[in-house]
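Note sheet for the following structure.
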Amino acid sequence: MNPYLLASRESKSTPTIIPVGGCEIGRDFMVIAGPCSVESAEQLFKTAEAVKKAGANFLRGGAFKPRTNPYSFQGLGIEGLKLLAEAREKYALPVVTELLNVEHLEITAHYADIIQIGSRNMQNFELLRAVGKLKKPILLKRGLSARLEEFLSAAEYILSSGNPNVILCERGIRTFETATRNTLDLSIIPLVKELSHLPIIVDPSHASGKASLVKPLSHAAKAVGAHGLIIEVHPNPKEALSDGEQSLDLAQFSELMLSF
Amino acid sequence: MNPYLLASRESKSTPTIIPVGGCEIGRDFMVIAGPCSVESAEQLFKTAEAVKKAGANFLRGGAFKPRTNPYSFQGLGIEGLKLLAEAREKYALPVVTELLNVEHLEITAHYADIIQIGSRNMQNFELLRAVGKLKKPILLKRGLSARLEEFLSAAEYILSSGNPNVILCERGIRTFETATRNTLDLSIIPLVKELSHLPIIVDPSHASGKASLVKPLSHAAKAVGAHGLIIEVHPNPKEALSDGEQSLDLAQFSELMLSF
Amino acid sequence: MNPYLLASRESKSTPTIIPVGGCEIGRDFMVIAGPCSVESAEQLFKTAEAVKKAGANFLRGGAFKPRTNPYSFQGLGIEGLKLLAEAREKYALPVVTELLNVEHLEITAHYADIIQIGSRNMQNFELLRAVGKLKKPILLKRGLSARLEEFLSAAEYILSSGNPNVILCERGIRTFETATRNTLDLSIIPLVKELSHLPIIVDPSHASGKASLVKPLSHAAKAVGAHGLIIEVHPNPKEALSDGEQSLDLAQFSELMLSF
Amino acid sequence: MNPYLLASRESKSTPTIIPVGGCEIGRDFMVIAGPCSVESAEQLFKTAEAVKKAGANFLRGGAFKPRTNPYSFQGLGIEGLKLLAEAREKYALPVVTELLNVEHLEITAHYADIIQIGSRNMQNFELLRAVGKLKKPILLKRGLSARLEEFLSAAEYILSSGNPNVILCERGIRTFETATRNTLDLSIIPLVKELSHLPIIVDPSHASGKASLVKPLSHAAKAVGAHGLIIEVHPNPKEALSDGEQSLDLAQFSELMLSF
């Protein structure tokens, strides 16, 4: 049996369009922006205000952070979710945030407009099934070493549990190349569009690990046919608690948005 | 801060020895054997009897199966755990089985002697922290694309949560080579032994994906210094519901054990 | 010592511009097009006429073909070079062709306007030094598993032998992903432009191995800042002696050129 | 057509045994040892004397060195070949050395007992065909990113040119893992033995890039069924002009040989 039956063009030939917060994901080219981690009210609100002004459609921010090193900053937790909700009201920006486990499903679904499943959890099948029982849109990031078929099969876990609102996200795969943090695999964008009806966006920040590459890769992502971008932005990247090297500052993000 | 402080030789210079079911893991060379999935009482008991007779120290068997394809056999669930417990009593073989999520932690800990965390969950940090609160030995498999430092950092999540009984398992990494299912990385066995005090075993079945390679790779694993093996065995590999191609039949397993 | 001293921005801050056949490579966005292998006069001339009309700047075609399988078609050899030279006169298209060994250096340099060094020869240091003694422009393709530093160091072999006219070409790297033939690594385009003054173009045909991906990847390559493209075109891809699956037919190429 | 017809078990079911210098390669377990580069008479002779005494069957040493960095030490050239020939007479050790290009074919064949084709030249088809016209044994190293089929197809270039005396060598492949220089792929040893009649040896020095891993990996290579080893040995690894980190000193090599 086709491991991504419901995700395939065979089962649904028209593109899936997901309306969220005034944006039609899969039709409009949309931009999600914000800090890797929510660090404080000041940091979040300053970023939210600036990305809204620059034209972003969604605010991103991590409340619960999956970290390789157990001793690194793990996020503000529920406090972070509440700050995101405040920012949403204040700046009229719907919110995207990552869900790490079933325990936080309800509270995350309460505060977020789009729930992100991160790369490390792309094959956390329990989590996929759990968000498959919601109707809320799910942003599913490709695993570091996931083949295309595995990526679509992970989406299938969500679809077959009852939630048709899946947005895929290419964020770079792990290869031998060390000049970039990961290797952005833009070829799968048109390939996903051939094989599936689901929208797919690109994360040039995690893919490259370098702020200087975000702008050219964003243009490449748009040119290759992606339905949007998710970009890390921080008011002061040098002092970010996570992912500072790949974050744009507020002026760089504004310049990126003007360049489209 | 060293992301694998507690797992390092600096923090503990003597090798960790974990006594389970009459075996001293980290000192004795031990063998875990059994089917990929528990499929029926007959299949499990037949395998258990044979691997015990051949000299295996532990019985493995999956009750909850993480499957890429949502439409593949997902395991017998709790029924599978109970069959494993029955087999343990009947054949005096302590049991190793995989835990997929926190929901099944208590019942799995109740039935299993060693709890396995699979490759896809190597960075499921919630699950790592949860098993870190037990004292039961944890078999932590390396992720498909995990670097050595990330593997040890995943162990650190368990250790730093309070459980010192971690057994590492190398099971092949994902590379460009398609002649084998994964690429078994035996070089990390002596490297782990330099850097860490934790025991490390090898899974030649998942690594190679080919029954004919299991015997030579098992000998290589022993020669390179691994503390043991975990091997898939099935009474009738051609009819296995999962991983048949890489499973030894009962005679092949017996022959393998005699060859050491 | 910096292994790519002469190739670096430190040693030359202004971009290298290479004038060939009316085109300023490194300034103009240029397109090389033609068949993987020269198969016959008819096939080559038909292609040359069409790609010229569609706006290509250069004609590509392999006379000597490096083939993994020793029993596959190995190219027409010198006869192929002569056909390329005829096509150049007939259609006013300068010619790019691959040099496989020092023995054919003189004759290839006689017939070609740009000499290509293929991926498999990226670290054939003797060949690099030999073409380094010419003044003719060299198109150096990235090796299948070459890191960025190794790619630039290969260029350095040519530069340090006396030939400053090197054009780099990203053509996909080898990864675990099997949905495409290789993984096109567009991130290195802006990175090469930061680190080096050399022009860099993109080969979406070899990278993807799929004709349907060539158009979107060509647009992505232009958007990310590449200085040009090299594209496989064949009058009848289904009957091509090599690389038919990734070749555009004449109408597809014409449509691609109109889409810019 | 099978791209490795002549190399396959189908075309020749009995193992190929290659007698050189009193050793039957493919039957005896043999050891090649010596410095990465020939640096001086003193360095070479001291090493040769020690490895002979320790039980090595062949002396290795590079006269022409392929280096990623054009400004690194490139070997002593013909002078190096002559020193190797002297060492052979003095210590009764047949010599293995690398051939980089056709120009040096005759002189290398004159001085060497086994001609090595390095990883970077595994698909230098001209060079493969040229050594295919000799009868001298060829040691063919696997390319950094060569799949098994490509490795055997490279051997086929030599066999189909008329030289049946090919010895394969696994030396590690390029992966995402950075804890070792390459990832030694021991699984292909038994796989090559299933598919082909050619002997295959292992290079644990280049594979791991770390002297401390050479001994355990050597034992693993023997246990997995390899026909021999090629090991870098230097009287003073810390002052080696190349590959010092992975070279054993004379005492370590002697200890390794005693451990078998």
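Here the chain labels run A, B, C and D in written order, and each chain numbers its own residues starting at 1.
Operating definition for what follows: a residue touches a chain if its C-beta (ideal position, glycine included) is under 8 Å from a C-beta of that chain, and two chains touch if they have at least 3 such contacts.
Predicted, not measured: the structure shown is a model, and the values here were computed from it.
Peer 1: Looking at A-C and B-C, which pair shares more C-beta contacts?
Peer 2: Of A-C and B-C, it is A-C that has more C-beta pairs in contact.
Peer 1: So which pair out of B-D, C-D or A-D basically repeats A-B, with more than half the contacts the same?
Peer 2: Of the listed options, the interface copy of A-B is C-D.
Peer 1: Taking the mean of the CA coordinates per chain, how far is subunit B from subunit C in Å?
Peer 2: From the centre of subunit B to the centre of subunit C is 48 Å.
Peer 1: If you average the CA atoms of subunit C and of subunit D, how many Å lie between those two points?
Peer 2: About 33 Å separates the centre of subunit C from that of subunit D.
Peer 1: Measure off the straight-line distance from the CA centroid of subunit A to the CA centroid of subunit C, and report it in whole Å.
Peer 2: Distance between chain centres: 35 Å.
Peer 1: In subunit B, which residues are in touch with two or more of the other chains?
Peer 2: Where subunit B meets two or more other chains at a single residue, that happens at 145, 149, 174-176, 178.
Peer 1: For the complex, give me every residue of subunit B touching subunit C.
Peer 2: Interface residues on the subunit B side: 174-176, 178.
Peer 1: Which bits of subunit D are touching subunit B when the two form their complex?
Peer 2: Against subunit B, the touching part of subunit D is residues 145, 147-149, 173, 175-180, 183-191, 194, 207-208, 210, 212-213, 216-217, 219-225.
Peer 1: Can you list the subunit B residues touching subunit A in their complex?
Peer 2: 1, 3, 5, 66-72, 100-103, 120-121, 123-126, 144-145, 149-150, 153, 156-157, 160, 174
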